[in-house]
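Chain naming follows the written order as A, B, C, D and E, and within any one chain the residues start at number 1.
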Amino acid sequence: AEADDKILTMSTTTSTEASGLLDYLLPEFYADTGITVRVMAKGTGAALRDGMDGNVDIIFVHDEVREKQFVDDGFGTKRYYVMYNNFVIVGPESDPANIREAKNSGEAFARIAAAHTPFVSRGDDSGTHAREKQLWTASGVSTTNAGEPADSKGWYFAIGQGMGVALIFALEKDGYVLSDRGTYLHYKHGRSEPYDLEVIYEGDDMLKNPYGVIPVSPEKFPHVRYDLADTFAKWLVSERGQEVIGSYQLHGHPLFFPDAR
Amino acid sequence: MTLYDLTLVQVQFGALRALDIDRLSLPENSACALLGPNGSGKTTLLHVLALLRPPTRGAVSFMGEPVSWREKTLLPLRRKVVLVDQHPIMFSTTVIKNVSYGPKMRGESRSFQKRIALECLDRVGMKEYADRPAHRLSGGETQRVAIARALACGPRVLLLDEPTAGVDIENQSVVEKIIFDLCSEKNMSILFSTHNPIQAERLARSKIYLSAGRLAAPAAENRFPARVLQQNGLLALIDNREIHTGPPPEIFSTGSFVSIDPEKIRVYANARGNSGPRNGWLAAKVLQISAETDRIRVVLDAGKAGGTLLTALLKAGDVRQNRIVPGDSVQITLDPDALRIEKPPA
Amino acid sequence: MTLYDLTLVQVQFGALRALDIDRLSLPENSACALLGPNGSGKTTLLHVLALLRPPTRGAVSFMGEPVSWREKTLLPLRRKVVLVDQHPIMFSTTVIKNVSYGPKMRGESRSFQKRIALECLDRVGMKEYADRPAHRLSGGETQRVAIARALACGPRVLLLDEPTAGVDIENQSVVEKIIFDLCSEKNMSILFSTHNPIQAERLARSKIYLSAGRLAAPAAENRFPARVLQQNGLLALIDNREIHTGPPPEIFSTGSFVSIDPEKIRVYANARGNSGPRNGWLAAKVLQISAETDRIRVVLDAGKAGGTLLTALLKAGDVRQNRIVPGDSVQITLDPDALRIEKPPA
Amino acid sequence: MDFLTKSLAEAAGMLASLDPELYFIVYVSLKVALVSTLIASAAGVPLGFFIAIRKFRGKRGVITVLNTLLALPTVVIGLFVYALLSRQGALGSLGLLYTPAAIVTGQVILILPWVAAFTVSAVSRIDERYRRTAMTLGAGPFQTAFAILREARFGIIGAVIAAFGRVIAEIGIAMMLGGNIKGFTRTMTTAMALEHNKGEFVLAVALGIILLAVSLAMNILLQLAQGRYGEDR
Amino acid sequence: MDFLTKSLAEAAGMLASLDPELYFIVYVSLKVALVSTLIASAAGVPLGFFIAIRKFRGKRGVITVLNTLLALPTVVIGLFVYALLSRQGALGSLGLLYTPAAIVTGQVILILPWVAAFTVSAVSRIDERYRRTAMTLGAGPFQTAFAILREARFGIIGAVIAAFGRVIAEIGIAMMLGGNIKGFTRTMTTAMALEHNKGEFVLAVALGIILLAVSLAMNILLQLAQGRYGEDR
């Protein structure tokens, strides 16, 4: 059995675990430090909540605004920029809303709304969902208080589920979905079942998706293994950690880009 | 010492008062028979006496001490009294495990359990059935194993609810002998219900009659549904045949009952020269003659078409003088006060 | 026409052959009694005849047609025959709904269902119970309602498994009268099992005896567990008392049975001057005398301590000559060939 | 239990707010659960009945399989029905995926073994004499079955209640096959899961309390419907 | 059913690969499910027994509540146990959250009402005469209870089997309270959910098939243990 004093618990988003990054990265970390990381993957909201309740030692998520709030409220010691990846707009090859022509991602969303082609929203307050809402605002389409297009009937599906389900849902509806590249790549290339949707729009600055890591504050929660958490955070932003992240490839595509500042 | 003392005991099932006993004392070391028509409360009374059913109202005392009906205090008392149900049920395991259940509950040793179980099974002639699944036995087999199971508990008081119903003739006498022996040899008290008055007579030192939940005088025998008419001074029609003339009564049609006092029936052998049927005389056939304590019970078939059974209680001398033998055709008359008429319920 | 024809019918429960009948024909429009000790297969046979249990082997034909035991063909046949179970069970609803179940299944109108149900309940004296919950009735009440329920089906064949067990005396005669009437008036065929030979005698035109699943001669009466010794030429010990001397037999200890042929018992009134007990003579007390077709059945208590019942079948003349009356003390002897000895099972 | 009081207050507030979205969610949940329960009962009760009554070779095997199917995980059911209803699947053309009908399909598969298994156990314990009595009194096969089921009614109603409880509280299938689409296939449970995922624990529990209240109301209705016989046994 | 054959092949391959991770997951699942079932049965059977046997005021009410609790959603249980075991909760200092013990806690709460409700229904159908017979033969309260439970054994074993099936196939609680930590609290169901999340549908179903196989094995063991009496009723 592992020595008890070398175990770190971490809540993270499903995307980091499902992309396979952690399976690649944690063994390296263990080799360097002898620390085992117990990972719990869940929605960003739930992961933050774990931190706020002191149930984990560190969180690794992607929702810059809420992460900063987390630190400001004293739950975490410091937010480390670790890496980013990209969001992409996935949709049918035929591109019925003609978003390839759009000048930016906001306009792409506006075209989808105008064409009433099916659009799948995560609808779960995840980092991806937060970004969706920003894009709707940027699109100029009139929105509700909840940040959804006001005229949503029949084409806008808020499904309140994870990225993978949203991708499948979009496939079934033959519609568009905002996805992180990792999950998309996995669905496109990593499974035995075929996946017909393509990346229709990408590359815009608005589609950058930064991940941060925050050790939970030992002042608030004296029992947390701050020493281990801090070791992990520092290792991630170290040259060694950044190199491991940068070298990870999914189905031949690099997925995460080092972002330590 | 009295075994049981019941005071103002009532058992109520919803609106139905199934038992309503003002006072009843049962002496120790005796065999007592419980008689009464269906639904008269025999089973209910036995459940109370077995300390299995607290009465709705009233006080029971058992072996001199009042019964409190709290579970804790009941267990030691219950170990002294065992009830064999009217339709006993077997635990779904082997016969011998059923019979050794009582001793097992009393913490007896394995070997003792087995010995006593086999012994008791042997008494009821079911020893060879020891390893059969008990819940698959036939009606009479079940009844007999249930008696063995009760005996194996070695109780002070044994309550039997119609113990010979369904038991074959040969084993009826075995069961009767068990009852007889236990009382006389083992100083056990036995109370058994039965519908067989001859059995009650033969085995019991005392008898309790129940009727509609209340203690009653010996049941009215010879009770018939009858049409009662006032026509030519004719009184009652049973089985479509006049059975008595008398003073003009009230008139009822169906729904009334006539009971005939068995001690007020006179029986005359045909040979005596009493000529053919006439008013007030009935032809009958003798079916059965049996002894009671101080009377002879004669069962007669008095129906026109057969099947209307009348019971007469005669003196032994009368029977011998008359030389009545079962199978004989006889003539009977009824004393003027032999009939009691029950009006139909309003 | 014959009602039933059974050929080589066997019913097997695991290793146990509960029924094993080579040939049996039952005529139509008759009352037939089914007799036999516990576990002899009466209930099992009735289940086969009620078309409820396909025999393990063998052919049954009913009203001239072979029974195929396929569910589809059985339903119309089953509507002609109704069985009243040994311990009948009531559907957990009211009494009247139980009794009108049969007519309801036959698609009769509501009003007919109700009328016939009340009529049948009335026959067994349970009309006032119509609205009581049927599954709460007492043992005898249940038995009577079950008979009414069967009658309400208006079957051609009525099978009754110990119909008067648990029924009170008054209603025993009611039930017997029902059996009697149905046969004679309604041309119904009735087969009933019973442990009461007198009842069988009185009601049945024919009798079937079963023993260990097989058709048998009238049951060996007077069968006793006995110790059999060869000591001073003494043959059998019943109830610890010698009952016969004879030629030296084999020696068994316990586990053997002795049966005494009831036709080979001689009964002498004490008055006849036969002096006190001696070898080969037994003192006994007359308990009951009843008529059978061509014999008189005398029940004797021959036990030293009471309770060992012996049945003798005498000629009517003998009884009358001897002037035996129940209650008398008598002397009995056994003919030399009266005893049959069964060895204990190996 | 600050958490509980907060959640209770929230639940009360939600109900009082008369939010049509909330009532729609409750309506969808109830509809789906009731339809699933009805279909599963209509199939499972007769199935269980015949397994219990009939004597056939391999009966123990069938019962073992039935018991095994009690452990059929929702993910497996969800994926199978998905494979069937997906656009690529055999029934894809019906367009049933992500509709209440899809949830019902999955949930029926989920609880059918439950209803059947508990019917088997309720019916096997019914005294053999009921069957014999019905048959000798002239009941046909269906009427006999009905008589036996009537005697087993408390056990069977119990099985149906349990099935209802199981489906109304079920998340996985409702999520995978319904898709948790707001205003269409969102049920109380998927809404709860969503709130939970968002970290809105009080809201999630408040929804759970409403669900229990709805279920309690259903059970009370059923108790009343069973009437006075309910207490009998 | 290409999907099914692929999944079956995958399941066979996984088992054949002797992957220690897989076996550990199976081990955790079995351990958690068995412990939960044992605890819930040890509490639920006596509870159900007493509700069934005793006559008391409000008995129907208690049964209605029990039936309502069958609809207790896993999210609610998960959140309550979370509130209790979380660092801020009453039992936070025990550090039980995200351990197998936490899963067991939640699952026991989940299935206790099931075991109790089905025990009630199994015991109420046992003929009153068994109780009377045990009592008159001198059995004390516990011995009487035991005799009745013995007669109700098929119903009760059924309840326990169902409870086992319910927990081994349960996802929500295992996920919320166990956290699906690889090599520690990952169970077959949470692994399935993860694979499903990743879109690895074949893998997910393969795991489901293994789960069913494990459950089948358990049921066969139980059938063999019940022995020849099993067929009797």
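Convention: a contact is a pair of C-beta atoms (placed from the backbone, for glycine too) under 8 Å apart; a residue touches a chain by one contact, two chains touch by 3 or more.
What you see is a predicted model, and the numbers here were worked out from it, not measured in a lab.
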Ordered by label, the neighbours common to chain A and chain E are D
Between the Cα centroids of chain B and chain C the separation in whole angstrom comes to 19
Note: chain C sits from chain A at a C-alpha centroid distance in Å of 87
Dist(centroid_CA(chain B), centroid_CA(chain E)) in Å evaluates to 53
Each of the following residues of chain D touches two or more other chains, namely 176, 193, 196, 201, 233
Within chain C, the set of residues that touch 2 or more other chains is 87
Chain A touches at least 2 other chains through residues 165
One finds touching chains in the pairs A-D, A-E, B-C, B-E, C-D, D-E
Chain E partner, complex, touching residues on chain B are 47, 50, 52, 71, 75, 78-79, 81-83, 85, 87-89, 91-92, 101-102, 105-106, 133, 149-150, 153
In the complex, chain E touches chain B at residues 127, 129-130, 132-141, 143, 147, 150-151, 229, 232-233
Residue set of chain E touching chain A in the complex reads 6, 86-88, 92, 95, 97-98, 179-182, 184, 194, 196-202
Listed in rising order, the residues of chain A that touch chain E in the complex are 9, 14, 17-18, 38-41, 53-55, 162, 164-165, 167-168, 183, 186-187, 190-193, 221, 223
Chain E residues touching chain D in their complex are 3-4, 59-60, 64-65, 67-76, 78-80, 82-83, 114, 117-118, 120-122, 124-126, 152, 154-155, 158, 161-162, 164-166, 168-169, 171-172, 176, 188-189, 192-193, 196, 201, 204-205, 208-209, 211-212, 215-216, 219-220, 223, 230-231, 233
